[in-house]
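To start, the structure under review is shown below, and the notes come after it.
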Amino acid sequence: MSGNTFGQIFKVTTYGESHGPGLGGVIDGCPAGIELSEEIIQLELDRRKPGQGIASTARKEADRVKILSGVFEGRTTGTSIGFHIENTDQRSHDYSKIMNVYRPGHADRTFDAKYGFRDYRGGGRSSGRETVSRVAGGAVAQEFLRQQSISCQAYTVRIGGIDGEVKAPEKAHELPFFSADPDVIPSWEERIKEVRSQGDTLGGVVEVCIKGVPAGLGEPVFDKLDARLAYALMSVGAVKGVEIGAGCKAADALGSENNDFMDGDGFCSNNAGGVLGGISSGQDVVVRAYVKPIPSISKPQQTVDRDGNATEIKIGGRHDICAIPRIVPVLKSMAMLTVADFILLQRRMG
Amino acid sequence: MSGNTFGQIFKVTTYGESHGPGLGGVIDGCPAGIELSEEIIQLELDRRKPGQGIASTARKEADRVKILSGVFEGRTTGTSIGFHIENTDQRSHDYSKIMNVYRPGHADRTFDAKYGFRDYRGGGRSSGRETVSRVAGGAVAQEFLRQQSISCQAYTVRIGGIDGEVKAPEKAHELPFFSADPDVIPSWEERIKEVRSQGDTLGGVVEVCIKGVPAGLGEPVFDKLDARLAYALMSVGAVKGVEIGAGCKAADALGSENNDFMDGDGFCSNNAGGVLGGISSGQDVVVRAYVKPIPSISKPQQTVDRDGNATEIKIGGRHDICAIPRIVPVLKSMAMLTVADFILLQRRMG
Amino acid sequence: MSGNTFGQIFKVTTYGESHGPGLGGVIDGCPAGIELSEEIIQLELDRRKPGQGIASTARKEADRVKILSGVFEGRTTGTSIGFHIENTDQRSHDYSKIMNVYRPGHADRTFDAKYGFRDYRGGGRSSGRETVSRVAGGAVAQEFLRQQSISCQAYTVRIGGIDGEVKAPEKAHELPFFSADPDVIPSWEERIKEVRSQGDTLGGVVEVCIKGVPAGLGEPVFDKLDARLAYALMSVGAVKGVEIGAGCKAADALGSENNDFMDGDGFCSNNAGGVLGGISSGQDVVVRAYVKPIPSISKPQQTVDRDGNATEIKIGGRHDICAIPRIVPVLKSMAMLTVADFILLQRRMG
Amino acid sequence: MSGNTFGQIFKVTTYGESHGPGLGGVIDGCPAGIELSEEIIQLELDRRKPGQGIASTARKEADRVKILSGVFEGRTTGTSIGFHIENTDQRSHDYSKIMNVYRPGHADRTFDAKYGFRDYRGGGRSSGRETVSRVAGGAVAQEFLRQQSISCQAYTVRIGGIDGEVKAPEKAHELPFFSADPDVIPSWEERIKEVRSQGDTLGGVVEVCIKGVPAGLGEPVFDKLDARLAYALMSVGAVKGVEIGAGCKAADALGSENNDFMDGDGFCSNNAGGVLGGISSGQDVVVRAYVKPIPSISKPQQTVDRDGNATEIKIGGRHDICAIPRIVPVLKSMAMLTVADFILLQRRMG
């Protein structure tokens, strides 16, 4: 019944459900004097919008952000920044089907266990729509990081078991699926079409690369930079695994293979993913998130109702086939919020 | 320059370096009335001790814990519990070799970048020895969880690329490497011997399974149970990847394969790893940590000194070949501390 | 550049300036199942509104609250509650007079020192209007406390040096100045008229009494119940002193006078103000806040401009003579938020 | 069952009871490179020791601090600083008298209500001895503040209703009672002798003045500098009231009297106590704490036992007549810890 705040210094606190009046939040701890406008935030929100590709639904979410405080004459004042995004596309729905039945892979059953009842309209607070506030927060973090010459790229490296290469990460935001590999896109599109026709869904892998992170961010014990990044990415609904640098593969390597040697020009490799002992080394910080397939499939599924009776559910309606690409800007936002927080934590050192 | 506290309600704050007077911490938020003694904590500390198997050094660390407060007549009083573990085995060393040279894969370079200087004796605060305080904290959490009928098993499932099966997790704490598979042990021993003879090191994979977690733990947005577990495990030095349930493999599965169906008896599978929408479902909570090979190898390595000059380092001394098995009780402790924290957070709901 | 969140478990995070689009906040940690509606919050907001008595300006602030999330079918869902109050009465003003001149007793100079620039329209974030979000948060806390049979009264006990008695605290919310003494009101009114005619302003003292607080709330060292209450009340703009129970007078008493003796019926007096060793005793919790006179006086004042040049300022416009009565519901809200937080903290004990 | 940590960035977490093995804590967030030694901390601890004057007991507490981590070659490393102070003067006592009887003015009854049982030996965690860890933490904060050219004076301004003047605050630490007025000391001594002979105790007032605080510290809404100071001082056991600047007297002043005018040389007065809108103005920060008489009086008192039966208690043993002067270094420490925290918070602004 808590846990709606992310960050320790640069903090974002969010609210909102998929079918209430809207979503929003409060950004607290953003330094004064950062250029900010609704247009800057809107640009990032637009990247998260559905209806942008073959993997997405045709739902139309206007997602117009309104800044409510903390900005004066185009710059942040140093006080808390309130923002709100109205829910505009709420058709009147018939929820009787899911009101008392637990959808597999969703939080219906656990919300009931936790709170005793739940807002059953489209998932309530557990809806992916919640992430719109994360992206708004991330957009503000991005402006702060820009000032620090830190930039962040996020791009898809696998969909449905088909790997893409990291060829052009800097152009990923212009390509379908936020792909860093223009050549893999046709294979992904084909796979998605195939799976859609079966009434099924797909997962994938997203990589986030943060450039310009100064050496020295992160705390040596619990609040390691990689630990906080793992927390940040795993907090996004569909993520089931997180790794840094060589990641899970490091477990199978020899020490002599996995260590990053150094010479006069710096590090000779980046298996560490830019973090040593929990502290940034000055190299690119590279993390990956493993995203499960969307649980809302149109195939019939075996489940139970609130009373524990076995039943079957067939989920209709507008649903994505793959959380990618919509999750990409969200993961990028979480990484940026994490780094912004550590920049401010570290600045205390003097 | 902070980050030495773990937890929000059940909190452990730690201190100590490998070559200072000792290590210890303060446990704050443990409920009153839990049975506790030095013996109870010592039992867990002894499991973490080196010199217990082929993968470990022969160093002898007595690691005797002393409780300094918070326990009266054998029970916790509800006030903060101080504990201390003296460093007893500190031979006089010649540190001149590593004082000004950065060991690959270690935090030497990043500590210097962060703090301007560092305690170069054996890694200082970044030493694996820091984890002794985590295990002491975990032992207290375990007593509290025992009262709640929650138990936790941790066991090794892979070393050096060789998988073991999860055959007898409940006996893992009695077997070499905390293996859950008695039959894989000879292969692991052989692999370690081989790698040791090459002056190299190995990594592996550890699984943690928490049984008896009631449905309803975890917060729906940022402080998801799995997000906090990812943070907890990734905060342990050598961990480079963390996953829950089906984990990274979920990214390649279809929705119909990955969803856990339900019937009158409960869930039919546990790909979710016991967490849906960030909230425990009542199933076993299952997480895995991917552990990199120990960076201290005796092979010569290319590196630089504090002034950036290229040089070579050859690390001698007493070093483990594999962080497993010593890391197993640490990961178990971090999982238990996380769950204890959520139990207390949730209790507020009433 | 932070500090916009109050509370540890029952948390309210606020935003908003006096002359921006509006003010609001997010309440995080309110248990599920509490009855809540906009009407319930509005009732408390209306008590804070100006234009209600001789000490207040005639400004009209509609202050209509809108709940944006966290309430479903008339009950809290356990997730975060967003709320917003639009600013409606923003006449176009000429701020040129105060834009570059520091008003004595206001935060103009310190905001410039802290942030480098400031929103000069009516005080920006430092405006008393900020407290509208506190009252909204307090209204939600009150509903939760009602469920716990805890109630809170706040009433004025002194204005302009003239003491009232605590005769009818339960009726104070119906009387001018939230007075607990119907008989003192004429003297206060006269004093205010007099001071107004001189272009000056007045301060006063407010008492808050919380009934039904169970024994056992508060933490024994830093987070004492009285320490958190002192923090809560002192965080309200005009408050310059805070005391509990016998308060400052205790410093002049003998131990035998100040100790609260006990007999079979409980405590024989309440000099402690309901808190012993930082923990509630089950008696009424009684705290008092000393409120300075409003700094906006119409008399000319000696001051400086942003460049440090001496100048004179004469503040016109709509201003209150005395922060009382408007501050009374704010102080009550802060006390209720504090107690709600401790109730949830304590519930963890089981 | 928590609340043993003070501070948000510069944090001290404490443990220990009056009659256990010892007391201590962990300081987390102290920047690297600050000169620190056991001698530096010891100097402050010695100022807190009893047996130093007419108001104190003759008990002898060695209070030798041992630094356990975080200092290397005479400077802080930036990692957590563990420290411990052994309890050496624990005579074997007969506690049967207070084991089951509630001492008036003490936390015996509330501890039992909170935790179900308590460490009855000398107050356990609620003993004033707990403050030794605060003073150790404050000593470290002082070294950090010294580097920032911030200094702090604490001195007694009233005992037993007899006011002293603030004549020589910089010499107070050399005078009995930490008096800032050499001339009032005889009157205080006489009053104490008189009260001691009656088996009674006395309270007093302590002022803390922090010099060199840069303008801009403090957060504008909840975490006002004065709000955090009120919290800090009120968290010390015997404090019942806290005020800043003109303090409680401001409630009786006119706006034109209380406002601090400004001219080319700065502020013309300091009724604000160095804080405007919660943010430091660059003036001296001046706060006062009102300290109740020590509750352990040797006169017989009416009370109850654990079963609620009326009884009488007569407290013998070694007890102080007045918490002053021992509380003076404690209040100074709390003020310094608060300011150190804000310095680090503010540094984030850049």
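In this document, chain identifiers A, B, C and D correspond to the written order of the chains, with residue numbering beginning at 1 in each.
What we mean here is this: a contact is a pair of C-beta atoms (placed from the backbone, for glycine too) under 8 Å apart; a residue touches a chain by one contact, two chains touch by 3 or more.
These figures come from a predicted structure and were not determined experimentally.
Taking the CA centroid of chain D as reference, the farthest chain centroid is that of A. Judged by shared residue numbers over all numbers used at their interface, chain C and chain D contact each other through mostly the same positions, with over half in common.
Work out the mean CA point of chain A and of chain C, and you get 38 Å between them.
Separation between the centroids of chain A and chain D, computed from CA atoms only, is 46 Å. Rounded to whole angstrom, the centroid-to-centroid distance between chain A and chain B, based on C-alpha atoms, equals 27 Å.
In chain D, the residues that reach two or more other chains under the touch definition are 1-5, 9, 14, 29, 31-32, 78-80, 114-115, 125, 220-221, 345, 348-349. The touching residues of chain A, when paired with chain C in their complex, are 1-5, 9, 11, 13-17, 20-26, 28-33, 66-70, 72, 75, 77-82, 84, 114-119, 124-125. Considering their complex, residues 1-6, 14, 102, 104-107, 109-111, 113-115, 125-126, 130, 158, 160-161, 195, 198, 200-205, 215-224, 226-235, 237, 240-248, 250-264, 268, 272-273, 275-282, 290-297, 299, 301-304, 308-310, 345-346, 348-349 of chain C touch chain D.
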